[in-house]
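Should a chain be cited, it is by its letter among A, B, C and D, assigned in written order, with residues numbered from 1 in that chain.
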């Protein structure tokens, strides 16, 4: 047992800190700090800066741009990024479709896609969820019927995050309607400019447009765009969802957000007094800091034990508690604002500070955190079933 | 809508307050206030004082000693009793077996039992729960086999509260082994001095002995001791459990306990300072007071709507939240004590105040409150199913 | 002690429910209304006036209906059930309440009459940037000027401030906090309106030597302000009750009808138990808020009652608002579906006139004044 | 950064687990031991000594094993797994720790040697009636008397005080808080022992001009006391981890095997989800407590680390202790069954050396000293 990082890891941490605080445009990092929405260009610029330095997709195989980092180093990379207000590489590219193509795709498909995926020259969208499916992913109904060298795809996907920016979409489609639920599903890549693909943005309760419905009406897709084998898509999806759970705890970004809130709190009381002089606020900050410490340390323990890249079952703890704390911090921001938190739509002429304006939309928006990407109910099920062996 | 009590109810409240604070021996009320265990004699003396005044069993039919009170008056009676640190009449007698006998018993059985039951000349125990049944009461296995003018009873009951004091026990027994679960159950009265009845006290985690196992080994019971009809016992039990849920919220006693805690808190800080100057304690007291107010008002609403003596479905809210608050207050007492809360076994020579000595045993003991008498899980099931119509 | 509505009150409730149920028959209808300024429906407002709902708390001599806090609470609760965006609490309870409390005979008759008829919408301009939930006024000062006054400073956010026909502005005077009537087109006045996250409207009101008339005698009105704010807090409590009730109904309906893994969600006890906990929170809040209205009716301590109600509603509203979305899952996050709007509105009310934390602190100051709370006098 | 035990540490854990598993193989065995004074098993204590467990943290020169906080944490956690009543943290970490920190060469060799061998049980007499979790000493004063000192006052509750072979008493001296060695049979000393609710033992120690010898130089030992208390707080954290782990295991086992309505309780998602939440709390507490031990190893800020660990354990221990009983139902309330004893012990530890509330307040004082917490130096 040892607390200290190795000299090598200390140096690595320093290198990352240096990189993220100097090589990512300050203007983009300021936007993240102020919790304003990033444009597509901002996100691309961030990722390309990382990719230029060879650190956008460290989790990929080295031959496709990955790094032979230890799990701890990958964790440090991820934390330092968030502490520096840097947006992580687009998950759909870096954590989802990239690793699937690298693991299961043909050489041809790897060459077609991986470099562009790492560099965000292709913006990927995710086509997994369907209406009426919820957490029951395998009940999907979008079909892909083989006709010669093409699949004809019909159906509808939903909750496609940032689908409005998407160039390509990776899909789970049903290729064998006779097979039982999980069997008969394939993993297919579709050019979103194909005729018959329609993207409809869904407005969220905070007024933002970040998820979409995507409709497929007789979309013709070359069979070359199939990843791996036909009807094996469920296996690839499980692989993907497993990766998704690694690094799911937004520790660094929540730490940064709480630290910033604490700074603002110092003048957010009536007449510019410090809210930290209010024992209830001070206790809440202290408690959240302690809970975040526990979460961060748990993430480190998980990292230290994730040997072969497979997700540690305790990853569910990170997702569950991580989103709870994330939501608690967004709520604290609103509470700090008091009535100023109402002024979400206030313009330039307003006397309300900018941070008050974004607080409540952010709070409302982050209600999603405990729903998307495996709801907290699903995480509890995983913990109860996989870790505690409690199966109904 | 009106806040004020009617003049009549104000007078009634005054009358009750007067009675409970002057006619029940102070020494017994002091014991309750100090949360010390009452002896059997204390409990009998309390109830007999009430019965002498004709107010021990107001919920019974008037001809058997009941009062024609409104539900609100019954509520006031119950609250004033608790605020005055008076132990309510023994529930097994007053709320359970008495009403069942009055409603379903023969004239003969009423005459044999009701007056003595009201006066606690007979101390009743409850023989419903069995080992391995938990909340699934109807799965009971104790049998009563008819042999001539007698039933022969064999089996085991458990969680029999204060069974060590019991003269008689009212039982659910299986009289028709062929019938389905709820059918085939009868309601039988058994003299606990009968040969073959054995009471074994169960020690609880706080070191107290208040529940018991009761064993029945070929106990011969006259058929005259059957209440109502054979195999109709489940109906009577449902009637009884319904009554049990009326007035389940221990509002008055928790209010009294919280008020007393607040008083002690004023000198319980280091060196005799006030813990109420600690904003965290002050907030917690304030919050608990507010929650208790909400509970009390909800009890009043339920009372105002319980027309025919049937339990309002929102009774489950009272049991659920009432026990949560009860437990929260017992925990607060422990927290107020700090390290002095360890000194549960300290004797006369100790410098630790008596209230510290009883705090933690009380806290541990009251973990039962959310388990017994319909666990809080059962209450949630009732709310979800009966009120919200959510049935799996 | 009686917690039931009488026949007339039931009739009022049904009438308001009928009207608002038509005006806001779907999420789409409400969204269409809240997307356009003024953020609410003038026709619905007129209909509320015709029905007498806008004049309920005011004396008949002032053009009102001579009803009381119970009738107001009925309307507020119905507003909440469909989260109607009309500024009922803001104009009637808060602004109207101040006029009724301190206005001269003339001011009362003129303003409350027009308000009751639906032809004049007054709002209370009280919040100031950087002052959180302060009940005093530090950022706007009033100066005598001839027979009248001038005001200088900034009020923000002022709910409904952009559409208002009349502003009632709190301002620092020598003796404390005064109240002033300001015309929206008065000189030196600027107003910049904007939408709030739940579909409401607020504004920044800038005042620069803006002419104003004292509401009442121009002296310290702190006590009246505190009382009227308490009345509004309690009315907001009822609005929240309505919203929580609908959020719970939407959630239980969803659990009953929505299937996952081939069975209704209501099969999953982990979900239905959470719905049960929502019900518990709602009923406890309902008890406290209803009690607070009865305290007003009884002439009891309005400030204490309001804080108790607001605290309970704050906790219940957060719990129910969050759980309603979570138990819906993804659909609950979308603006096209209804439930999220209820969560939004509950959040907005929570942060209007003091959230739970604020009222807990206020109540904590009086903790040692009583042995325990006696709810019935 | 490494959170894993090395081979020697694993061997220590297995050895202690083997020993304690035999000593406390059932609830009945433990109850038999705790019902009789001194409330623990002298034979088990001797075996722990033979194994070297009692001398772990002490220098070899003082008769110890020269190991460190990690090894101590391993023993404490095993103690907690079976809630062994032996006063390990009390005698070794707390009393022994004070001697190691401030004792003279002679005192260290004499006391720590005998402690390590299991022949002398010292305890720290520090709590005072009415002083809550104070780290100073107000109720006992030390007065110089010839070469030595005399002490007057009351210490209570002193955990293990009745059985102790040597009392280390904190007392007010001119320069602050001094530490003194007092023989249990010293003149003017009275001790009244009693059982504590979880099966432990405590005592009132009365001192009246009782002769004492200074531990160390007789000056202010506040800093050393604070540090050693922090070490004990962290060790208690490990004891709690062990107890929480077993409470969770008992609960999951019960849910798997116990049937109700004809099916195992594990069928009810409302119950299994709550077990999942217990696991979450346990793992988060485990991370923090383990980190705190590594901070000790690294020579970091012991007081901060201890408060962070104690706060997290307090919350987790309450949650897990309550839920473990609730998910068991009635059987969980009985002394014959195991789980309630774990809840009792967790409650006792929580209120020893500061509960979560106390440590939260302590940490809040340093809230503005850092931007955020950096756990790895």
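In this section, contacts are C-beta pairs under 8 Å (C-beta built on N, C-alpha and C of every residue); 3 or more make two chains touch, one makes a residue touch a chain.
Every value quoted in this text rests on a predicted model; they were computed, and no experiment measured them.
A.B. asks: Is the number of contacting C-beta pairs greater for A-D or for A-B?
C.D. replies: A-D
A.B. asks: Of all chains present, which has the mean Cα position farthest from that of subunit B?
C.D. replies: Taking each chain's C-alpha mean as its centre, the farthest from subunit B is A.
A.B. asks: Would you mind pulling out the distance in Å between where the CA atoms of subunit A average out and where those of subunit B do?
C.D. replies: From the centre of subunit A to the centre of subunit B is 53 Å.
A.B. asks: Measure off the straight-line distance from the CA centroid of subunit A to the CA centroid of subunit D, and report it in whole Å.
C.D. replies: 42
A.B. asks: Please tell me the distance, in whole Å, between the geometric centres of subunit A and subunit C computed from their C-alpha atoms.
C.D. replies: Subunit A and subunit C have C-alpha centres separated by 38 Å.
A.B. asks: What positions in subunit A touch 2 or more of the other chains?
C.D. replies: Subunit A, residues with two or more chain partners: 279-280, 283, 377, 380.
A.B. asks: Hey, what residues on subunit C touch two or more of the other chains?
C.D. replies: 268-270, 272-273, 360-361
A.B. asks: So in the complex, which bits of subunit A are touching subunit D?
C.D. replies: That would be residues 1-6, 9, 72, 255-256, 258-259, 262-263, 266, 276, 279, 282-283, 285-287, 289-298, 300-301, 304, 314, 317, 320-321, 377, 379-381, 383-385, 387-392 of subunit A.
A.B. asks: Residue numbers of subunit D touching subunit C in their complex, please.
C.D. replies: Residues in contact with subunit C: 268-270, 272-273.
A.B. asks: Along subunit D, where are the residues that touch subunit A in the complex?
C.D. replies: 1-6, 9, 70, 248, 252, 255-256, 264, 266-269, 272-273, 275-277, 279-280, 283-285, 287-288, 290-291, 293-295, 297-298, 300, 308, 311-312, 360-361, 363-364, 367-368, 371-373, 375-377
A.B. asks: If you look only at subunit D, which of its residues touch subunit B in the complex?
C.D. replies: Where subunit D meets subunit B, its residues are 127, 129-134, 138, 154, 156-157, 159, 192, 194-197, 200, 202, 204, 258-261, 270-271, 318, 322, 325-326, 329-330, 332-336, 340-341, 343-344, 347-348, 351-353, 355, 357-358, 360-361.
A.B. asks: Within their complex, state which residues of subunit B touch subunit D.
C.D. replies: Subunit B reaches subunit D through residues 129, 132-136, 139, 158-159, 202-207, 211, 268-272, 278, 280, 327, 331, 334-335, 337-347, 349-352, 360-361, 363-364, 367-368, 370-372, 375-377, 380.
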